[in-house]
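In the two assemblies presented below, subunit A is common to both, partnered first by subunit B and then by subunit C.
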Partner chain A sequence: MKPKVAFFDFSSCEGCQLDALDLNPEELIALLGAIDIVNFREVMSEKSDDYDIAIVEGAITRESEIGRLQNIRQQAKILIALGSCACIGGLNCLKNHLPMEEALRIVYGKDAGYYDTIPARPLNAVVPVDYYVRGCPANPEELLKVIKAILLKKKPEIPGFPVCVECKMAGNICVFERGMTCLGPVIRAGCGAICITSGRFCWGCRGLVDEPNTESEKEILTKYGLSVDQIVEKFKIYNSYTEVAR
Partner chain B sequence: MTEVKVNVHYLTRVEGHGNIVLNASNGKIEELRWEVTESPRLFEAMLLGRHYSDVSQIASRICGICSIAHSTASIQATEAAFNFRPSEQTVLLRRLLYDAELLESHILHVYFLVAPDYLGTGSVFPLIETHKDVVVRAIRLKKLAYRLAEIIAGRKTHPIALMAGGFARIPETGDLKNIRQEIVEAFPELEATAELLKNFKIPEFTRETEYIALKNDREYAFLSGQIASSDAGLSPLDNYLNITNEFCVPHSTAKYTRNKRESYMVGALARFNLNSEQLLPRAKKAAVELGLNAPCHNPFMIPVAQLVECFHAAEEAVDIIDALLSRGLREESFEIKVKAGRGIGAVEAPRGILFHDYTYNDGGIIIKANCVIPTNQNHNNIQKDMEALAPAIINKPEDEISQTLEMLVRAYDPCISCSTHVLKARITK
Partner chain C sequence: MPYRRSILIVDDQQIVRDSLSDWFKQAGYPVTTASTAEEALEILEKHDFGIVIADIRLPGETGLSILKEVRVKRPWIKSIVITAYPSPESAALARKLGAIEYLAKPVSPDDLEKLVSEALSSTSEATVSTSIYRITTPETRRINQSFSLNSADIRAIVEGLLQEMEVIGVKTKQGKFVFDRIKSFEELCLDYDVTVLPPTRYLRPAKEALLKYQSGETPVVEPVMDTTPRAIIGIHPYDLKAIELLDEVFITSNPDPNYIARRNSTILIGVDCLYPSKHCFAPSMGTHIVESGFDLLLTDIGSSIVATVGSAKGAALLTRYTHAPLASGEEIARQKAVREEAWEEAILKHGLFLHIPKEKLPKLLEENYDNPYWETRSEKCLSCGSCVMVCPTCYCFDVQDEADLTLKSGQRVRSWDGCVLVDFATVATGENFRHDKASRLRHRIYRKGKYLLERYGKMGCVGCGRCAEACLAEIASPLEAFNAIAESDALKKQMIAREIKTRSELYLPQFAELIGIRELTAREKVFEFKLPEDRPLGHKPGQFVEVMIPPIGEAPISVSSSPTRGNTFQLAVRNVGSVTHAMHNLEPGAKVGIRGPFGNGFPLERLKGKDILFIAGGIGLFPLRSLIQYTLDCREEFGRIIILFGSRSPSERLFTDELAEWSKRTDIEFLETVDRADQEWKGNVGVITTLIPHIQITPRKTISVVVGPPIMYRFVIVELKKRDLADDNIIMSLERRMRCGVGKCGHCQINGVYVCQDGPVFTYAQLLTLREAV
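After this line comes the complex of A and B, so read on.
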C-alpha cells in the first residue's frame, strides 16, 4: 500500500511547501504514483487525519501550536522537518531577542492584547523529529531524496561537513578573500554553496555542523581582520535559537 | 425555521490560514465573517536593529510566493532612505526578475488553486489522471518562471543576487538568450491556458469598489510609480499611510485597511482597471478574447486578469532581455553611502500594492520598520464582497453557498502568511 503523506505548516513563509512541488512534471507524476498525499491545505481541499508521514514546515511560535504539533507527532509514523524554520527555528527566532510583549507592541501597537506569541522554537524543541530537510528555502530535490530513502527503507545521505567543502567544489573564490564575512566554515553543507555561487555569502540557513570548529572560524576572522561581533550578527539571522540556548 | 451554518475552518488552496463563518436563519444573515487566524510573525519587530545589508534577505522571508516582490520593495525602501539611485541595468534586471515572479505566482494560483473549483476536484492531483496535459502545462510554465529567476538571482524563492545597490552577480548572456527562446515558445501554452479559462463558468456577481495600484507614465506599473486610486486619483508614495489606514480587528491577526469607501481592492484586477491601456499587445488581445473589459467589478474575474498579466509579463520579459542584450551586460560596482533617514519602497506584488517603510540611523541600522501587505488591504474588501454576495445565494443548498464563498475568497489569491492565516468550511443544516 502507498504511504499516506500529509503536509502541515506552522509559522513560516510557506515557501518550502510550495517549492516542494517545483519538480519536473515526470518527477512529480512519478512521486504521486508512489505516495498518496492526503493533506496539503495549501493546494488541496480534501483532508485526512490518517497519515504515515508528516512533512512539517514552520517554527512553533504560539502556545496553541504545541498541542497541534504533538497531535501530528502522535499520528505520524515518520515526521520530516522541512526548511530552516522547522529544523532550527530560523528567522522567527530573531524576535526571541525581545520580550514578547514588546515585539507584539512594535507590530500591533495598542491592539497587541489581541494576539498571543511565545519565543519561537524549532520542531525538535517540542517533539522528536525523524528527518531534517534543511535550507531556506528547502531544496525540493533534497526532500524527494529523503522520501525516496524512506520508501526504500534506506538512510538518506545528508552532509555533515561544512559549506566550504561544496564551495570549493563549485570553484568559488573564498568570500573572505573578497573582504566579506561568511558562515560557510561552520554551517552544514547540502546547498551546493548556492549563495556564494550567486555572489553573496553563507547566511547559515542550514544550521551548524555537528561539531563546529569555532576556533578555526575565529582564526579565519583574525586572519582577515574581521570581528567576532560582525559574524555573530550574521549568525543570529538563522541561528538565534542555538545562540539563545547557549 | 431554516438555518444555514457555514463554518469553513481553514480555507484550503490559499496561502496561509483563514476561516469563513456564516450563520443565517429563515433567509436572514445573522453572522458573516472572513477571519484571519495565522500566527503573528512580527517581522517589523525582527527587522529592528538589523544592518541594511541584511534587511532585504530577512524581508524576503515574509512570503515564500512573493519573495521577489518583498525583497524589491525592501531594497527600494533602503535605497530611498540613503538617496541611492540604482543603475539602468539594475532597474531592467529587477523588472525582468519580477516578471518571473508574477508569472510563477499567477500560474500557481490559476492552475493549482483556482482551476480545481471549475474542474470539479479538490486539488490539482486528481487532474493528473483526467487532465494530464493541463497539469503538465502548468508545471512547465511554473518551471520556466523558476528558471528565469534562477538565471538572474540564483533562485526564485528567496532570490540571492538581488541586493540593495544592484546585483551581486550578472546573468550570462547565453543563459538570457536561451531563456528568451523558451519564453517565446511558451506563448502557445499561455494561449492554451486562455482556452481553458474560457470554459470556466465564472459566477456573475459585481460590486463596485475603490481600486488601488501603482501607476506611471512609462509602463504597466509593477515596480515604480505613484499610488493611483479609481476614486481619488494619484498620490505620492509618502502619502501611503493616509491611503491604507490600517486598523486591527479582534477576529483577525492581520490588519485591515480602508480609504475613500468602506473597503478597497488591490491586485491584478485593480491594476487592470487602472492601467489596462498600458498592457502590451498580446496581453490586450488576451483580455479581449477572455471578455475582460476595464472597469470590471466582478472579483471572480481576478484569475482572468492574472492570466492577462501573465501574457504581459512574458512579453515584457522578452522585451527586457532584448534591451539588455542590445546594450550589453556589464559588471557594475556600486557603493551605498549610509545616512540617517527614512525611505519608502512600493511595488505591485502579484497580489497587489506592497509598501515597505524603513527608518535608519546613521550607522545603517533599522530603528523603525513598517510593512503594508497587499492581502491585508484586500481582507476588508473580501468581507464586503461576502456581505453583498451572501444574500443573493442564501436560499441555495448549504454546500453550494460554502463553495461559492470559498471561491470568492480564493479568487483574491489571499496570501495570509504575508498578511500575517487559511480557510476551511463545515456546514450543518
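After this line comes the complex of A and C, so read on.
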C-alpha cells in the first residue's frame, strides 16, 4: 500500500510547496511511484481528506488556523513540518515584537478591523510534529530523504551540527574572514551552506542547533563590530520565536 | 579500471597467440598479443594490464625479461609463464621474478582461464590501481637526489601532468589560498602561507561513496573506488607529515581500500614552506622540514628551484619533462639554509613555539586530565566543528546509507565527522558519551598530543595552525592548549615543591598528642591521638601512618578509626617490635611523630550501593575497623553489611564491646568464630572459612573486603570463588615492610608496585597480575 500524502499550508509564501517537488524528472517519477499524493492545492484540483502523511507549510498566525491544524494532526498518522515558518515560526514571528493591533494596522491600514491575528508560532507550538524539513525554502532533497526514511521505517539522518561543518566541507572561505558576519556557528546545517557558498552569509533559516552557544556567538559578533541591537536583529529574522532574540 | 581485466599474451607461435586470444576474448577479457619480448615491452610502455601470459623461449630476448621489467615498472601486473621446455632452473627463475604460475605446454585454455580469473580476483586492495602514469626510473635519477630546475622546468612538469591527469594545485580564492583543481600553469601559486583546507581532502574527501548495494533475494554489494590519476602540487612539509600519519592509520592497520586506491593514484609534489602563516607552529611539532613522504619536493632558492626526488614516480617526472642536472653542493646548502631561515624568521615574528619538548606532551596530558583548564577553555566553544574540518590529521567519519526511491538499492557514503560535534558520541538510546564541551575539547587536544602518537607513533598535530585560524572563539590552537597546560603544570609542581619546603621536607613528622589508651588484650592496645589545633588527620579508611618515636624509630601503623568519628584518630597496635613496644609504654599526654596518611585506602566509591562482606582474621580487624565504622556511620549508602570475624581464642578477641554491639544490631549480619574454644565460649568454633557457607550472598551485588594474615587469604579466596565472587570484587589489604611510606625506599615493592603508594588495598584481580603477591 502506497502511503497517501497531503500538502497543506498556513501563513507562508507557499514557496516551500512550490519547491517541494522541484526534483529531477526521474526522481519525481520514482517518488510518485512510491507515494500517492491526494491533496496538493498548488498542483491538483482533486482533494481528499483520507491521508496518512501530512506535509504542512507555514506558521500559525490566526485563531482559526489552530483548529484546522488540529484536524490535520488528527487525520494524519505522520505530520511533517515543511520550511522555516512551519518548523521555527520563521519570518512571521517578526510581528510578535509589536502589539497585534499595531501589526494589523501596519499591514491592513484602515481595513485592519476586518482581520484578526495572534502572535505567530511554529506548528509544534500547537500540535506534535513528527519530522522537520527545515530551511527557507525547504530543501526538496531533504524532504525526499525524510519520505524515504518514513517508507523504510528508519530515522532520517538529518545533520544536528552547525552550518560551519558543511561550509568547511564546501571549501568556503569563512564569512568572518570576508569582512561580514554570519550565524552559521549556531545554526543547523543540512543546507550544504548554500548561502555562503553563493557568496552571502547564514541568515539562520534552519533554526538554532540543539545546544547553541549563543553567548559565545554574540561575543564573536561583537568582536566583529556588531552592536547588541544589530545582533538581536540578526537573530530575529528567522529565530524570533526562540528565546535568543528576546 | 578497464586495464585490470586486460591480458597481454606473448608467444612467438601464431597458433598459440590466436587460440588463447580468441578464448579469452570470448570470455570477456580485453586481449593484446605480442610475438616477441621487445614488442611486449614496447606495448607495456604505453598500456597497462592485469595479467601478462608469456612464453619463455622467444626470438631475441626471453619472456623472463618481460617479467623483470614488469616487476620494476608495473608491479601490480601478475604474470603467468608458459613454456614447451620446462626446467627446474627456469621455473625457479620465473618464480623469483614474480610469476604466479609456471605451466608446461600444451596448456588447456580452460585451466588458464581459471588461473587468470583467480589471479585477477585476488588482486588485493593494496594493489588496486596505482597510477596509470608511466613509471621509468632512469639510471641517473635516484631517490634522495636533488636536481636543479628553472621555472620553465616547473612549467613543463605541470603542463605535462595537466595533459595526463587531474591536477590539484594551490590557487588564490577571495584573498586566501586553497587546494583546487587547476586547468593551467598560470593558476598555480607556490609561494603561499597556508591553505584553508589541507590537501588531505583529495585522499579523504568530505563525502565519498564506499559501497553500492542492492537488497533482495540475492543482495549485491559492490565496492566503489576512486582511482582517478591525480597530482597534488604545492604541499607544504607539515601537510606531507599529516599524509604520513593518514597512511599509518589507513594503510598500515586495517587497510582502507578507498584511501589506498586514491593514495596509489596520487602523485604528491611538495614545496618547502618559505612564508609560514601567523598561526603555524610546525617547527615545534618537528614537521617543518621533511626528507620523505613526497614524490618530488621543490625548494625555491632564488637562483633556481631545487627538486628533491622522493620516489620513482618523482624521478620519472623529472626525466620525462626536464633535462635538469644534479643540483650543485652550493645549491643543496642553499636549499637547507633557505628552509631554516624561513622558519627561524617565522618563529621570531610570530613567537609561536611549544614551551616544552613535544616528547613530553603525552605525559603532561596524562597528568592533567582533570585540570580545570579544559572547563574554562571550552566555555566559548561553539561546537561548530571548524577546527576538525580544517585539520589535516583529523580523519574521523560518519557512515550513512542513502537509499534510492526503489528502496532496494542505494549507496553507503561516508562523510567527515568530528569529536567536537555535540552528537559525535551519541548512541541510539540517546546517551551521549561525551556530552559536555569541556570533555570534547579535551578529547580533541588529547588526540593531537597523546592518543594518536601513542597509537600510531606519529604526532597527531602537525602544527599547521589552520584550526587556530578557523576558530572564531579563538580557543582551538593545540599549541595554546599545550602551553597553557605546561604552564599550569609547572605552577602546580612549583606549588607542591614550595609546600614541601614549607612543610620542611618529606620525612619530618607532625606531632600528635596521645589522649587515650585502651587495652584490648594482653598484647594489643588502642591509642587515640589528637593533632595540634584539632586538625583532622585527613585519612581515608584503609590508609596508614608512619609512627615515629625518637630515638627508637618509625613503623607503619594502619588507622583503625573512621574519619567520620571526629577529629581524633585511633591506632590499634600489637606489641611486637621496638616501635610498637615503645608505644605500649607511652602515657597519655605523650607526643608522637606522625607522617601520613599514606596509601590508597579502600575504594569507597566502588563500595557504595553494594552489599559488603567483611572478613577479618585476628588483627586484620585493625585496618578493617576503619571501614566498618565508616559504613556503619553512612549506613544508608551501602546495601547489606555482613561481618565475619575470627580469632584464635576467646582471650584474643579484639574490641569486644564493639563486637557485642555489632551482634545486637539488626541492620548488620555479624558472625564470629574462634579457632580454639575455652570453657566459657558458646559461639562458633573453627577457622574463619567455616563461617562462609553460613551466609547467603548475591555475587553480582557483593564486594568482599578481606584483611587478615597471608595464610587466611589463600583459603578465604577459595571459599569466595566457590560463591561466584568475581576477582574484581574481592578486595584485600596487604602487609609489607613499608619503611618510608612515600614510594622510595623499595622495601614494600611487589614486582613493579609500591604497596605504600599503590596499595595497601588491592583487588584480587590486581594481585593476580603481580606474581610476587599471593
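Methods note: the second predicted complex is superposed on the first by the 232 of 246 C-alpha atoms of A that agree within 3 Å, B and C clash if a C-alpha of one lies under 4 Å from a C-alpha of the other, contacts with A are read in each partner's own complex, and residues count from 1 in each chain.
Note that in this section a residue touches a chain if its C-beta (ideal position, glycine included) is under 8 Å from a C-beta of that chain, and two chains touch if they have at least 3 such contacts.
This structure is a prediction, so every number in the text was calculated from the model and none was measured.
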item	value
Fit or clash - subunit C, subunit B, common subunit A	fit
Larger contact residue set on subunit A - subunit B or subunit C	B
Which of subunit B and subunit C A:Thr117 touches, first, second, both or neither	first
Subunit B versus subunit C as contact partner of A:Pro162, first or second or both or neither	second
Which superposed partner A:Asp210 touches (first subunit B, second subunit C, both, neither)	second
Which superposed partner A:Glu101 touches (first subunit B, second subunit C, both, neither)	neither
Which superposed partner A:Glu14 touches (first subunit B, second subunit C, both, neither)	first
Vertex subunit A; arms to subunit B and subunit C (CA centroids, nearest 10 degrees)	140
Touched partner set for A:Glu141, first subunit B, second subunit C, both or neither	neither
Touching partner for A:Asp49 - first (subunit B), second (subunit C), both, neither	neither
Contacts of A:Thr61 with subunit B and subunit C, given as first, second, both or neither	first
Subunit B and subunit C, minimum CA distance [Å, superposed model]	11
Interface residues, subunit A side, partner subunit C - complex	27, 30-31, 33-34, 144, 148, 151-152, 157, 160-162, 164-165, 168-174, 176-178, 184-186, 209-211, 213, 216-217, 219-220
In the complex, subunit B residues that touch subunit A	10, 12-17, 39-46, 48-51, 54, 57-58, 61-65, 67, 108, 112-113, 116, 122-125, 128, 132, 135-136, 139-140, 142-143, 146, 153-158, 160-161, 163, 167-169, 248, 250, 253, 255, 417-418, 422, 424
Complex contact set, residues of subunit A against subunit B	10-19, 21-25, 28-29, 32, 37, 40-47, 61-62, 65, 90-92, 94-95, 97-98, 102-104, 106-109, 111, 114-115, 117, 136-137, 194-195, 197-200, 203, 233-234, 237
Touch list for subunit C against partner subunit A, complex	173-176, 178, 180, 196-197, 201, 206-207, 379-386, 389-390, 400, 403-407, 415-416, 418, 421-423, 437, 470, 472-473
